[in-house]
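Look at the two complexes coming up: chain A is in both, with chain B in one and chain C in the other.
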Partner chain A sequence: MIAREDRLPPRLRRSIFAVTMVALAYVILAPLTSIDAAQQAGLPLLTDKVWFRIVTTVLMFVVLASAWNIVGGLTGYASFGNIAFFGLGAYTVGALVANRGWPFGLALLVAPIVPALFALVIGLPLLRLRGHYFAVATLGVGVATGEVVNNVGPLGASTGLFLPIVRSDLLFFYLMLAAAGLAVLTTWVILRTRFGYGLLAIRENEEAAAVIGVNTNFYKVAAFCIAAALSGIAGGIFAQWNSFINQELVFAVSDNVQMILMAVLGGAGTALGPVAGAVVLELIIQTLAGGGSGSVYSQIGLGILLAVCVIFIPRGVIDFFGGRSKLSLRYFRQTLRETSA
Partner chain B sequence: MSLLALSDVSKRFGGVNALADVSFAVEQGDVLGIIGPNGAGKTTLLNCISGLYHLDTGDIRWESASIRGLAPHRIARLGIGRTFQIVRPFPSMTVRENTAMGALFGRPGARLQPGAALSEADTVLDVVGLGEKRHYPVLRLTVPDRKRLEVARALAMRPRLLLLDEVMAGLNQVEIEQALEMVRRVRDSGVTIVLIEHVMKVIVGVCKRALVLNFGRILVEGPPADVLKDRRVIEAYLGQRYAREQERKET
Partner chain C sequence: MSQFIQQVILGLLLGGVYVAVALGFSLVWGILNIVNLAHGALVIVGAYVTWALFTRWHVDPFLSLPVDALVLFVIGYALQRGVINRLIRAPLLFTFLLTFGLNLVIVSLLLLIFTADFRSVTTTYSGSGLELGNVTIPYIRVGGLAVALVLAGILWTILNRTRIGAAILAVGADRDAAQLVGVDLRHIYALTFAIGAAFAGVAGGIISTFQSITPTAGDPYTLQAFAVVILGGLGRVSATVAGGLAFGLIEVLGQSAPWLGSGYANAIAFVVLVVVLVVRPRGLLGRLA
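Let's turn to the complex of A and B:
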């Protein structure tokens, strides 16, 4: 009843649906042209190494932004520590595959469990904090977790972990696609159940939620654990895909800022907002960066973009599609007043 | 056996005794009015009952079982609904959705699904007189309507005890009459009510008993008409000099 997408006018919804379906069909089917059989049949090659790298990265951020959205968007707790869940998932797979010789598939099943347990343990004390206290505390936990991992000998310490290389762009692409699908589906289901309404109530007014019977602590921690499990899956896939992980790669605070930016830009609190944000933003980042010195400028650009988005479009671009708000100077003046009050 | 019984409840904030040894009982079917000057501890009392504050000493019993230290959501599901003096709607939801949240989470027994909660909300909204505005976003509601919504959300929980925190404050005469009518309907439907109010007309109009708090202590308790004439109450509200002058006039 509350999901914003439901409020789109039907015509707009139909056209958005059509465009999404076409894009989705392309993304799902195009990689198949890289199979040997397809090549021998003379089909044009639609996807090369770069395509796979970019699209798999985009999908990874779809997972991360959607997971962040469950805590930050639905429950209203802006976490700067979600990257720790991604990192723990990556290191779970890394340690099991590189050190213990587990098969990747089996290790990936454990990848969501470790971060979820971690979320359970840190969630109980952290989710008592609100607003910027919560943001700063989670930032601290995120950074600290990375530093601890960086100093544990069996986890490769500062050298990192090397996993046996698996050469299959197709495998990692479809795995990440499945994870992204799972993340979006999870959000979609949450938004339509009692649990989701509980989270929204907590976001909108936590004390009012408590006195009408919402078990606020349980709901908040559960949301945190679900987000952690999803991020952990993405981390686990990344570890094997990249076949090398270290602290800088999987505990980067800048990645945490990116997932927030994606969710906020696309529309926090909706199922599809973070997806739109992740696709658009990651494509921009990939274009801007292109490796080398470009990444510095893209970092600066992202920081500025985050500030502008939070101030001027706090409800995300999805706000313009509901027929409630129009993109105009007046809108920006009003949101500026709202956010600077 | 009383529905709700407080015994020697105390609550301190730093050096301030917000509540000091407060004891009283609410019987099934009662309408108890709590009055007192600003800062007397009225809202603190409700916060203690609904579990938002922890008691320093004393005990609160619900049908003879202690509810001290229970989390607010557990207390809510026992059948204690409340409103907030400064209204706390869920701003992104409509009136109907706000009300449905009470039915969705506050029911003691069976769990409702969202659809059933929404139709439940419609019934309650008619009781409080918001039926025609059910699809409004809450931000479009006027102050009196927002207060009604607070009551609707609490009623959707089907509470046995309803705690109302100044639902009439800020309303004009006509609106107060309407709100009074609403409270009477709720009372007649068998809900026990404890209400905090500054509007004396309300206390006299619906309450069976009134209780006066001053500096965290119970000053007087009794039938509303007697309580309002009590010299100590007049002193608390208007000062000793005024109370003396009033007495001189009467004699």
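Let's turn to the complex of A and C:
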């Protein structure tokens, strides 16, 4: 799980870079063809409602997976409670817009603050725990936060909150794109700073990190807060985009597992791994769901996919780039043997 | 006052259910070092077996408990031998994700087979109870508590009085050393998980007698089993019993507090969990790590 960027052979790197740039340009520019002016100029329409829904969802999971990666991938603390940050961000915007009549733009500025403060408060006791204990304690945070929100009258209790509808696929697409860019950039910057090396040191050996002068508590809580703020932004955008939120929608534990799977599948501990994982996995899930996510078959598909991925490619697809491992039957046999009884 | 006594009795009876649910969870965690997120789903499979026997052939729910155990034993053995053994030496995040995936698959299959309708097992004695003054003790819950205590006795006997139990404890203490002295690791892993699943099945049978079941009804039980194990401590049957009863009491008394509602079961579980983890990490009766 060590960061393995910048080690690809130059030719492969160049071609991957080119492909990524083309894909990125398409994703950024294609929505513009839906503007009236472009339509009048006779440009072909490259996007429709389904396209916007799928791509915006993918971008949302890019934010969530990248945010999880800062805690789970870089610091080595497998959090199952990040969904609480997403939910709190969504409910912050929901409450401010629906109950107080704030404009969405202003409410969105508050969306990262509430989850970050929450992370600060729960981070101090929780980040003292390790392994299973941390994982399940955070799982409890996610479930319990959702349950409390579900019981609070002003937050709509079990009915949920309805926000005034804003019909602009373009707006939410670019907002989510900006959030995704921010999340990736944050990870990229962290990986190149003293702070990032401190986090990696904590992941590899916390005692040793403390001995060489890493203020482990401060570093861990800071990473937790950054992840919370990023997830909160995604939640805030989601609240207005969907114009309806309730506990089931924004505190779904299965979404938390999805972000973990994306980060792990793509390559935890790298800046671009979670992005690759989010894109690939969310597209697979959307295909399985056949448009209506949450169907029984997509759940079965996701469950089996989870099992197959963690058994056969535990180091993520990023392991196949750079010539260390080749995608082959032997690789699968090898990973299987490493972990089998 | 009688109100308080009633709550305490109900708390202990509910605690009995938690003991039953947590025994298998605790065994699998302690020996295999796996926190089984599919445990609640296995509990609900047991509940559906009881429900099916009851609706189809009018089998008394308490008589169907051995069938629950048998069915879940087979499922558990197959799951561990076929799937989880492939990942037993992986970092815990991976076993976590794997059991979550299993949970998704089991719950979805239950949805396909039994649909999302509420199912309940209502016997002739379901509503009746022993009345002592103002205090009512439902028979069915007393039956549940009794079964839970019998289960705890069976688990203690298996672990401490049989050869297989010795092998299981040996694997839990030191896998490599156990293998060196001739323990078949794969078989013992599968057997341990199967016993855990069988206990989950019996717990499900008990649960079906007082609660409507749906495919997703098991998820809260996973979290509660975890809280019970944390509260009691890992590595002892008696610790699980103490943890379960204490947790049942906390939940019932907590929910009857005027400023809380019945909607806070998970929140209470979680607060207890974090407080215990921070204040006394080895639980009430747990062994020192």
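Keep in mind that, in the parts below, the second predicted complex is superposed on the first by the 329 of 341 C-alpha atoms of A that agree within 3 Å, B and C clash if a C-alpha of one lies under 4 Å from a C-alpha of the other, contacts with A are read in each partner's own complex, and residues count from 1 in each chain.
Just so we're on the same page, a residue touches a chain if its C-beta (ideal position, glycine included) is under 8 Å from a C-beta of that chain, and two chains touch if they have at least 3 such contacts.
Values in this document were obtained by computation on a predicted structure and should not be read as measured data.
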Chain B versus chain C as contact partner of A:L29, first or second or both or neither: neither
First (chain B), second (chain C), both or neither touched by A:V296: second
Which superposed partner A:N150 touches (first chain B, second chain C, both, neither): second
Chain B versus chain C as contact partner of A:L126, first or second or both or neither: second
If touched residues of chain A are counted for chain B and for chain C, the larger one: C
Contacts of A:L200 with chain B and chain C, given as first, second, both or neither: first
Partner chain(s) touched by A:G140 [first = chain B, second = chain C, both, neither]: second
Contacts of A:V310 with chain B and chain C, given as first, second, both or neither: second
List of chain C residues in touch with chain A within their complex: 29, 35, 83, 85-90, 92-94, 96-98, 100-105, 107-109, 111-112, 185-186, 189, 219, 223, 226-227, 230, 261, 263-267, 269-271, 273-274, 277-278, 281
Residues of chain B touching chain A in the complex: 50-52, 71-73, 75-77, 81-82, 84, 88-93, 97, 100-102, 104-107, 111, 113-114, 118, 153-154, 157
Touch list for chain A against partner chain C, complex: 72, 78, 80, 125-126, 128-129, 131-133, 135-137, 139-141, 143-144, 147-148, 150-151, 253-254, 257, 260-261, 264, 296-297, 299-300, 302-307, 310-311, 314, 336, 338-341
Of chain A, residues touching chain B in the complex: 1-2, 192-194, 197-198, 200-201, 204-205, 207-217, 269
